[in-house]
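I am attaching a structure below and will ask some questions about it afterwards.
Letters A, B, C, D and E mark the chains in the order given here, with residues in each chain numbered from 1 onward.
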Amino acid sequence: MTAMEFAQFPILSAILFSTLLALLVILFIPDDRPKLVKQVSLGFAAVGLALSLYVYFAYDPHKGGLQFVERVLWVKSLGIYYFLAADGINVPMILLTAVVLFTGVLTMWELDKRVKEYFALTYLLVAGVYGVFMSMDLFFIFVWYDVSLFPMYPLIAIWGSTRKEYGAMKLTLYLLAGSALILPGILYLWAVAGGTTFDLFELQRLGFDVQVQRIAFVMLYLGFGILAGVWPFHTWSPVGHVAAPTAVSMIHAGVLMKLGAYGILRVGMTLCPEGLVYWADLMALLATIGIVYGAFVGLAQTDLKYVIGYSSVSHMGIVGLGLSTLTVDGINGAVFQMFSHGIMTALFFSAVGYIYDKTHTKMIPELGGLSKTMPKASAFFILAAFCGIGVPCMSSFWAELLVFISAVKTYPLRGILAVSGLVVSALFMLRVVQKTFYGEKNPKWEHIPDVPLFLASPRIILVGILIFYGLFPRLILDIIQSAVVPFVNSL
Amino acid sequence: MMWLPHDPVLSAALACATLPFLSMAVILIFTRPYQRLSCAISVGAITVCLGCALYLLITLRHAPAPVEYQWAWIVSSDMVIPFGFLLDRLSLLMLTIVAVISFLVQVYSIGYMHGDPGFSRYYAFQSLFAWAMMTMVIAPGMLQLYIFWELVGLASYLLIGYYYEKWSASQAGKKAFVMTRLGDIGFFLGIITVLLGFGDLGILHMNHAAQAGDIHPAVVTLGAILIFCGVVGKSAQFPLLTWLPDAMEGPTPVSALLHSATMVAAGVYLMSRIFPFFAASPDAMAVALIIGTITMLLASTMAFVTYDIKQVWAYSTVSQLGFMVMSLAAGGYFAGVFHLTTHAGFKALLFLCSGIFIHEYHTNDMREIGRGGGRKLTIPMICMTVGALALAGIFPFSGFFSKEAILGVLAEHPNKLFLGAGLLGAAMTAYYSFRLIFFILFPRSTAEEASHHEEAHGHGDDHGGGHHGHVFWAMAWPVMILATVTLVLGFFQNELQSYLLALEPASHGHEAVEHGGHGVGHYLLLVTAVCLAVGGVFFAYLEFGWKKATQEGFLRKFPAVETLFANRWYMDHFYRKALDLLVYCGFTNVFTRNDRRVIDGGIDGICRFTVGGGRAVSFLQSGMLQYNLVLMVAAVGVLVLVFAL
Amino acid sequence: MNSLSVYLTVAAVLFSLGLFGVLMRRNLIGMLISIELMLNGANLNFMAFNRFLAPEPAVGQIMALFIMGIAAAEAAIGLSIILALFRRLRSINVERAQRLRG
Amino acid sequence: MMKWTLFTPELYYVAVASVFFLCSLEKKADPRRLYRWAVILAGVGLAVTVACARMEGFLFFDSYKVDLFSQVFKIFLALGMFFVTMVCSELYGIEPRKHAEFYFLLSICTLAMMMLVSAVELLTIYIALELSSYSLYLLVPMRHRADEYVETGIKYFMVGATASALMIFGMSYLFGITHTTYVADIIRKLPEVLNQPAAVVGLLLALGGFFFKQALFPFHIWAPDVYQGAANQVTTYIATASKMAAAAMVIRFVGMSTGQSEVFIQVLVALSILSMTFGNLVAIVQKDIKRLLAYSSIAHAGYMLIGILCMTQRGYSSAVYYALAYLVMNFACFMVIIKVAPDGHNLQIKELAGLHKRSPLLAMTLMLALFGLAGIPPTLGFTGKFLVFAAALEKGYLMLVIIGMINATISLYYYLIVIKAAYLLEPVREYGPVRVDPWTRVMSAALVIAMVYVGIFPDRFVALAEAAVSVLP
Amino acid sequence: MSGSFVIDSLAHAVFWVVVGIVFAGAALAVFPRNIVYNVLGLILCLTGVAALFLYLGSFFLALMQLLIYVGAICIAIVFAIMLSRPLHLEVPKRRMPKLAAGIGAASIFFAAIGAVAWKTAWKPAAERGADWTITTIGHLLLTRYALVFEVISLVLLVAIIGAILTTGFSRRLSS
């Protein structure tokens, strides 16, 4: 353990280990104190949120580059480093994770089945997510990546709903099949570089042969792309979301899918720029198909969560399109979209979660007229839908704007196609909103109380963030840009 | 907020661009349960805005150059999207119109929406609407304009679908949103075209550069046509016009707002905003002119046959918007804007008056209103007649002046077909607007045409019964103000003209026409137009007002044509079919099947194949020792053979 | 013809016949006998290499000697297991032993 | 003269074996007492082995080499032995009167395998291997009331005898081509003659004996039946300790070719792929958890071979690490099985239903162990796979690694099925809570911690493995 | 010369006879379905192999072969036969697929190792000793192979204990 480079208080480690600590603490709480488990969870989530906010504010976009660096040699013979750092791309992701975790804990406040295990697994999952978003070492990126995936299985299979075992199995296997491509990709790069280091930036400095980059990039892109919901590897996403319990869907669609896009960006694009250039055309094509296709398929769904699942496919297509443009604007937009889609989809699932908890159905034909009985609960979904449509002054609008501008610039035809997808997405979102929330009051749901303030608080936070960054996008875009500009210049 | 006090102009602009938003936020978050408070907040905000708008108009009316404020909203690579204000004559005029109409509508709504359970929500949306529109109007750059343009769309979606429990209302809201979205795609792509072809989205820069020929003509043409797509969607031009009549599902004040100063006006405003840019491309102008003409005529025909009071005005809006587009496309910048202004006044008036009738008689059917004794509501009746006269272009009402200006512009156009169309349109306008007036004025008690047209589906304003005094007056005051405006506005044509055009130097040809357009031809045209309008009114009187009139309309004799008109030229059917065929049965169906069967099925298939493979391979482990041994020995033998050979 | 190849061939034949017996015989004792044949094949190999190639003649012999010892032990254990099986199944037919499968 | 101290662990186990031999002569040996003694003796054995870890030298005229490599594997073996005796507290799989013989054979087997990993002369290797095999042949049919599984012993024996015949036949070729029986000499001479078919064939056939122990395709055929048919503790031993010695020997023998023969490597690649694929595919359809683990062990033999066939220091060290990982994880699984089926019956997967309620600790141990076997971080199973694949990619075997990872994904499926049973399924009938004694608790906790700790902090263990293989010629 | 030639050719002929005996014995040990023939074949074969050992220059091994194999192993097998299945029972019919598979696998293997044996260029060692005395063997057994020598005793011990254990005879009189 040499080469300690702790410049200051290891804030990133603190965030990471607070989740693991939470996991341990929860494990040692007696089974019969679910309330305590929830309180502890919320407490740790709040701590994580506070620390992430600190990171967010302490990050200096003018300086740019990696900040909060922690680097320790981990396994000497392979060149593995415990290397945490954050740049402008990570900071929003860390913040996103913290927010979604916090709101996710709040959303599951009424959980009464195997509470302890649920929150323990959630924290394990989130630890993995944080780990990926903070690590700058390929080994650890992969480790945390897998750590974030496998708790999904129990989380869905135990606490899920519709076809939960099928969904859980499908999701887990599919995603881990993706990681079956990532690991060879990472190791391949490592081996080609001489087998001495897993440090992302050292590898980047060493550089790779064009042919190597092309091969490795495909593996990394497919591997991470599966998690990012790249068409046509997206089908796990709706199935998994439908099966998962609310907060898991939130974390999963909100944060986990971003891991995929982040991985493509951080690992694939950093290490294999030539490979990226070679495959960018295909990437853009897949992303465009995803955008339009997701919207169209979403149009035919009758399950609320399926709808959101497909909207995620569509929105993650925007991320992919942005990445594939290889321009500052496009990648800015993609990262911004990762953030806003995370918040938005968390809001979506959170809103649906409450409805499902109360009505025990998420089938659109059975719902209807909900706005009359539960206006507040409905409002959150509708707001999320607006955000999904790309209504201005909500954060995802900016992301889409940037992506589309650069997409039309780089790939005119695909860009125009993707922009036209906006109409379809508007159609299907509004259709869902209309069928679910509008219309005559449904006597079946008359007795249902509207969401009380405490239970609504997670959604309020999420809506607040969406609108806040919609009005003041620079507060986050400047941070993102501080990382993207040097990144694109280095391509 | 240190920078606030230093510059009153800026503070005023900022107030316009923030107060309604704040009011919306406050209402939605805090004061939802307190209806009166919400109402007060919203009306208060809009009043302040009105004050600010008027202040700005007065302060800056002689400003030599546009006042511009900008802050970087987002910065990405070398692209800076600013948020700011462009205060020039056009935007200030429009800002004032918006503020005035919004203010009046909101005041009117105190009465109209009284007792509605969603009262607070209504005002929140109204604030949103006002905010979006005002900020759009003073936007300095195309992107900001686009952003608030979209928000206007969102607000109108919310307000049209205000009675969301009514299926048709939510349907209409959705339709409005999606159809305008369709146009907005073009708008957005147009912006990107300009961005990529020119690199600057500042409206003034664009205009200057286009006029100076600094932008490649192809970019200008493409950009202008694409941007015009947005106008088509927003201003309900052909072929995206069918959403506007449906948008009547919203509360009537909303319709008033929508049709006069906000939503649909946004399109025309956009066109006049970047008029020099448009003007730099003759091709785009030609396209716009044709579209405008078609729209105007088409919409008029639709208005012939409907019995829904609001729909008549809706069609008239479409056709008047067509007029404006024609005017702008023909180069009549002032005429277009002037008509936009006057139209805002009298169309708001018409809707608000209709609102009073609807509020009173709980029906949209003009015959029902007439039979119910609509003429007895004197003030609204008079005001509505004033509005109708203005709409028909009868002297001395404001519509007369603006319409004349437009016809004057059309007369200058080399292709006289457009002038003919304009004149025809004027006549038709007069006919259908007075058809409505006469229906109410001279009701027929017999229900001979029993349920021939089931247009008047039960309206949603089913709140409280008879009108209380203050409720009625809250509605009546705005109407009366508007009627006055309609009466006098026309006489300010010259002032407005000099105000507006001071900044637009008479360098380009069309404007010169307007300045010196008082030739003999002009008077001839004037007389013709008035005659046509009066003729239209008279024809309407013959058919509907006269005691012996059948109140059937001449179109009854051409049932095919009538059906065609009544069905909006089957445009809705076409869209419905196209949507069903292409979207629902087409892509959606194919993609969904593909998703289930091919992609997901493929994945599941791989899994099943793997499991099946496991089952198949497991037979190798047959339990019979010697079979297994055979396998082992054979495998080893093969391996050894590999080396031996 | 007293050459290495002949011995190797004889050994190969013995070994393969033994292998064949193991694969084919249903009588467990028959299988055991076949295994003894295989071991003899190996033994013969050792002795042949010892005779024709090896530097130290003693090594191959010792090898063969120990293989014999192992064969004896193997026979003892094999036979005892076969007998144990017989006591349960009342049969020494290997085809009776196929309950575990899949 | 010889330094007998080098031989201490082996002598110690001879002594242990004698103790149990004496016990077996007793008229009536108390199983509890025997168990206690067994645990103590095995524990001391582990301590002795660890204490001797740093010894180096040759014994018996260079036919016996004590070095770090062998000592590391001896530690693994002693650990395995200790583990297995630990879970013998409810040895219902074996008749009580045969317990002494059971322990005796266990010690003998451990002893034989210790000699195996140190032996560097063909005959010694052969005899040691046979000794360990015979002990296992005898342990397998010892199962109490084994009517259903009576055929297991004979299957094991027949396959083993055939494999060992193949092996000695191959050794005879090695002897013929290199004229020596010393591994060191063979390694020196073999590369020159590697173009001769007999050399590689001899090597391959000789490897067959160890592949048999390792249950590598196509020598795997005994594994499912024996795993299922043997008493749970015996299966545990076969699945853990006996794999260690085989791994060591495969490393030693594969190293003989020093990577000179392309075809040989390709054959090993093919075997590894076949083994992984076959094992994983068939495991999917299993209902009996021991049988499932048998197939998974076939697959794991394939993974381990990936590391070995790289024939680099990194490859060997990764295989050593993988062996350790496999030992610990597999033992954890079997410990859970034994505890859940205290009467020694064969556990079906569905019988695990509701385990998370019946014994959360065991359920967690099982889950972690299975995730480890599937290669999911942060367990040591993942690190093992990672090292193995890293070594393979260093040699450029990209396709092999991808196939390996796909296989890992397939394997996840059936591991998840087991985990699902333990965590999700509601039991069909009430099984009652699992009796977990304090020792088992400690053991579970230790295993959990070990699995995670070694997975997260692999540095020291990797260094140890590298040091161990660095002494290989 | 002629005498040695006669002896040589006689030895040669006898060698082939011995090889024939070995083959015949092996065939007899494998093919007949009657287990007694198999044992007799095994004995014949082993004796032939012992003779081959003589040809290969090791009288000691030939003797050992007879002692251990023929003397011990075959007798044990005979005992096992007596203890197990009554000989008069009908022997089950052969199954053709299994036969074919067995023949196939075994002949692949035979072809493989035959090819290996023939294609390999066997080279004798550079220096070859000619020390065939039993003394050397004994010496080696107690020095170089001392460990093996010890271990084989363990093997035999395990085999004995195992045999007793497995066949179910307990050394404890109680059961």
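Before moving on, here are some points about what is shown:
Note that contacts are C-beta pairs under 8 Å (C-beta built on N, C-alpha and C of every residue); 3 or more make two chains touch, one makes a residue touch a chain.
Here the structure is a predicted model, which is why all the values come from computation and not from measurement.
Of all chains in the assembly, those touching subunit C and also subunit D are B, E. In this structure, the chain pairs B-C and D-E differ in their number of contacting C-beta pairs, and the larger number is found at D-E.
If each chain is reduced to the centroid of its CA atoms, subunit B and subunit E end up 102 Å from each other. Computed from the mean C-alpha positions, the centre of subunit A lies at a distance of 70 Å from the centre of subunit E. Subunit B and subunit D have Cα centroids lying 77 Å from one another.
With each centre defined as the average position of its C-alpha atoms, the distance from subunit C to subunit E rounds to 7 Å.
Among the residues of subunit E, those touching two or more other chains are numbered 98, 101-102, 105-106, 109, 112-113, 115-117, 119, 122-123, 125, 145, 148, 152, 155, 158-159, 162, 165-166. Residues of subunit D found to touch two or more other chains are 123, 127, 130, 134, 137-138, 141, 151, 153-155, 158, 162, 169, 173, 176, 179, 197, 201, 224-225, 282, 285, 413. Shared interface positions of subunit C, i.e. residues touching 2 or more other chains, are given as 15, 18-19, 22-24, 26, 32, 48-49, 53-55, 59, 62, 66, 70, 73-74, 77, 81-82, 84, 94-95, 97-100, 102. Note for the complex: subunit A touches subunit B at residues 170, 173-174, 232, 234-236, 239, 293, 296-297, 299-300, 327-329, 332-333, 369, 371-372, 386, 391-393, 397-398, 401-402, 404-405, 408-409, 416, 419-420, 422-424, 426-427, 430-431, 434, 437-441, 473-474, 477-478, 481, 485. The touching residues of subunit E, when paired with subunit C in their complex, are 11-12, 15-16, 19, 22-23, 26-27, 29-30, 33, 35, 38-39, 41-42, 45-46, 49, 52-53, 55-58, 60-61, 64-65, 68-69, 72-73, 76-77, 79-81, 83-85, 92, 94, 98-99, 101-103, 105-107, 109-110, 113-114, 117-118, 122-132, 136-137, 140-141, 145, 148, 152, 155-156, 158-160, 162-168. Subunit D meets subunit B in the complex at residues 151, 154-155, 158-159, 162-163, 166, 197, 200-201, 204-205, 208, 217-219, 221, 224-225, 263-264, 267, 271, 278, 280-285, 410, 413. Across the complex, subunit D meets subunit C through its residues 122-123, 126-127, 130, 134, 137-138, 141, 146-155, 157-158, 161-162, 165, 168-169, 171-173, 175-176, 179-181, 224-225, 228-229, 282, 285-286, 291.
Of all residues in subunit E, only 98, 101-102, 104-106, 108-109, 111-113, 115-116, 119 touch subunit B in the complex they form.
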